[in-house]
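The following blocks contain the structures, represented as structure tokens.
What follows is chain A paired twice: with chain B in the first complex and chain C in the second.
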Partner chain A sequence: MKVFIYPTNSLILSDLVERFGHEPLAVMQEISKRVNTPGLDSPPMNITPEDPKIGLKYAAVEVPSGVRGRMALNGPLISKAEAAIIVRDPVVSFGCMGCARTNELVNFLIRAKKIPILDLYYPSSEEEAKEFVYKISQFLKSLGKEEKK
Partner chain B sequence: MDNITKMIVINSSKVLPSDVVIKLYESNADVMIKETCFGVMVSGERSVVDKLLSETRKIDPYGIFIKERGFAPGEPNRCRATRRGGARPGFHMLETEEKLLPQIAQGLRALDKGEIPPLKMKKKKLELEKLMEIIKNAEVS
Partner chain C sequence: MNSSENLVRIAQLSCGAEYSGIQAEIDSAAKQVNAVIVYPEIDIKDIEDIEEEFGLKVASSDLKLLMARAKSIVTGKVKVDAVFVATCFRCAEGAIVRSEVRRYIHEKTGIPVISYSFTERTTAGTLLTRLEALTTTARRKSLLAREKQSGLTAGIDSGSTTTKAVIMKDNRIIGKGWVPTIKVIESADEAFNAALKEAGVKREDIQALGTTGYGRFLIGEHFKADLIQEEITVNSKGAVYLADKQKGPATVLDIGGMDNKAISVMDGIPGMFTMGGICAGASGRFLEMTAKRLGVGITELGKLAMKGRQENVKMNSYCIVFGIQSLVNSLAAGSTPEDVAAAACHSVAEQLFEQQLQEIDVKEPVIMCGGTALIEGLPRAVEDLLKVKVIVPENAQYIGAVGAALLVSGFITK
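So, the complex of A and B:
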């Protein structure tokens, strides 16, 4: 099953989803498609002026182009998602490395899709980490059962 | 042909990136391998890379973590050597999550042993009466 992960470039979530036999939908796949095309118009990530136009599918025209450009990467992943694992308030998405409005929009769109979602927080202790891994494994196992039905 | 790049992040007391690189070379697969400070990057055809890395994970299942990478190793637009140093975008995420990897490894060990973690009690919000009482007690008469 295709599982959307948030943060979209998370190593831990991507690894755990793959480990438990599902396909993670991560932003790296979308970037890979862009940068491995023969002509690179706008390095490094090849986000061209066309991308904010693609983002119009997800956000209105008055929304900043940065949000729409990011949605051109995240949107196709959301549309492919059959389930989602979301870590709430990841520290790394705060500040200049993230975009709060895009994060809100991604969370809204994934919840509006009515697919199985697992909500978590990043662990801060060993006990919490055990619970974190256990919950993810149980969630992914239950998805496997649904698919077999 | 669908080419992908995957990065192996090693957080193990038993395995070094150089050990993994030797194992990868031994496999004689048609892939490009680059050893880095955090682990190894492997680039090649999807089916070959996936098969090779699922075998590599078995060296230390609790110390090897794998994710896909958008850029190929040594990509001039992203490589620090051609961009005059500095942290590459994506480094901060890796740095944040690497701190959690030992705990995640403990979680995976516990899962394999069949441990079921006790469910946490949800924290209740402070009731208004209780808060009023605290304020009253704290007031200096």
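So, the complex of A and C:
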């Protein structure tokens, strides 16, 4: 299944999803597409002024351009999502999109999809970390079963 | 701008620029002023601790990164010559951080800093004058420290509406020329010739010539200028010189034909500044249109405004089209031309106050310059809003030309 992850650039979440045989929907893929597309030259991520305009699909023009530019990356991933793992209050090094307003909108849109969602807090101790990984693994396994059904 | 000049390292402290697709525009503008954009390095720990250390709690981690980078500059961990602080237009959290970080760097380091709120439509052209002023302040502090004009020099200010020229000799203005800008070079020639005639000197006697304003590059090349300089630094210099406020803090306001400048100055050197240029309703053009609608010359509009009360006219819009419509409706409803003229001045002053003066520290004396400063109703409207006395120096309309003539005297070699 296609599993959306939040934070959308979390390498740990992306790796976990892949290990359990699912396809992670992470923002790295969208950036990779842009960076590897010939003919574009807008470093560092080849995001051009056209992207915030694409982002108008998700947020109105009075929403800051940085939010809309980020939504141009996140929006297509949300559209494709069949399940999602949302980690609340993660530390910066776990992954982040940098903008709180984008985070709010992404969280809202993915929850509005009514797909299987695992919602959990970022762990603050080793015990909690074990529990955190266990819950994710159980969720991902359950998705496999659902798919077989 | 001269490629042989020192490379200036500008630290970019921003949130959202790369996602707005404008990073290439920022880099391009920096390259044109022989500067390089750098990103101060910090540790993850710095981001985690910055809210406590800076004292400002924010939800967006890119803003925490921005504050952490500012701290690394202030503590001297990273060496840069200038700082560019930018966040998305319409982001409230970003605006608070941008403003506080700008103030923090300005107060703690003295490194020149500018702030800007961008959209996806921000281009290198929009940023160029700002970065040019920023790099000039960083690069030419000794030139900007000049307080007296010496020798025989000329300054030409090719503005969007009018072209001004002055001839200065031994710290005195001896010739002036002021003409509407029609064709950039021809108008500059006309203004220059008028100034030379009044001064009673010949073109070849001029020891050094400086240009500024929108047409500065074109006329600079035409006249083989010794100094081609943007308006921020030149106007700062011209304003404090004309107002005789060269020492200490000052705030310079210049409402131009196409854009407005608000500059926070210390000892004649710009520290923080903003340039507004998005809306014509906040510019001198609005006053020009009002004067036309009232059937008076632009020079009479100010006198008219001084006799009126803006409170008597209801303006529904700041827009140059709908604002004028409001004024027309008021006239039709029986308002006096005096009240309408006062309302137009108030509208422009209010936009300057709301959109630009929040971005700089307004410190007295407040000096108003440029041709619009002579429209008496406008400085009065600014005084009403700021609750401070506004100084309009003699020859206020020649601010740019005087600044250029003063600064270029540092280039006299013969």
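In this section, the second predicted complex is superposed on the first by the 144 of 149 C-alpha atoms of A that agree within 3 Å, B and C clash if a C-alpha of one lies under 4 Å from a C-alpha of the other, contacts with A are read in each partner's own complex, and residues count from 1 in each chain.
By our rule, contacts are C-beta pairs under 8 Å (C-beta built on N, C-alpha and C of every residue); 3 or more make two chains touch, one makes a residue touch a chain.
Here the structure is a predicted model, which is why all the values come from computation and not from measurement.
Novice: Thinking of the overlay built on chain A, is A:18 touched by chain B (first), by chain C (second), by both, or by neither?
Specialist: Touch partner of A:18: chain B, not chain C.
Novice: Regarding the shared-chain residue A:92, is it in contact with chain B (first), chain C (second), both, or neither?
Specialist: So A:92 meets both chain B and chain C here.
Novice: When the two structures are overlaid on chain A, which partner does A:66 contact: first (chain B), second (chain C), both, or neither?
Specialist: Second partner only.
Novice: A:101 contacts which: chain B (first), chain C (second), both, neither?
Specialist: Touch status of A:101: second partner only.
Novice: Touch test for A:51: chain B only (first), chain C only (second), both, or neither?
Specialist: A:51: touches chain C, not chain B.
Novice: With both complexes superposed on chain A, which partner does A:4 reach: first (chain B), second (chain C), both or neither?
Specialist: neither
Novice: With both complexes superposed on chain A, which partner does A:43 reach: first (chain B), second (chain C), both or neither?
Specialist: In the superposition, A:43 contacts both chain B and chain C.
Novice: Let me test your reading of the model: by the given contact rule, A:139 touches which partner, first (chain B), second (chain C), both or neither?
Specialist: The answer is neither, since A:139 touches no partner chain.
Novice: Between chain B and chain C, pick out the one touching the greater number of residues of chain A.
Specialist: In the superposed model, B touches more residues of chain A.
Novice: Counting contacts the way the document defines them, which residues of chain A are shared by the two interfaces, the one with chain B and the one with chain C?
Specialist: Touching chain B in the first complex and chain C in the second, residues 43-45, 91-92 of chain A appear in both lists.
Novice: Going by the contact rule at the top, pick out the chain A residues touching chain C in the complex.
Specialist: So the residues of chain A in touch with chain C come to 41-45, 47-53, 62-70, 73, 91-93, 96, 98-101.
Novice: Okay, in this complex, where on chain B does chain A touch?
Specialist: 3-5, 9, 57, 65-72, 75, 77-78, 89-90, 92-94, 96-98, 100-101, 103-104, 106-108, 110-111, 115-117, 119-120
Novice: Which positions of chain A touch chain B when the two form their complex?
Specialist: Result: residues 7, 9-12, 14-16, 18-19, 24, 26-32, 34-36, 40, 43-45, 90-92, 97, 122-123, 125-134, 137 of chain A touch chain B.
Novice: Sort out for me which residues of chain C touch chain A in the complex.
Specialist: Per the stated touch rule, the residues are 15-24, 27, 44, 47-48, 58-62, 64-65, 87-91, 93-94, 118-121.
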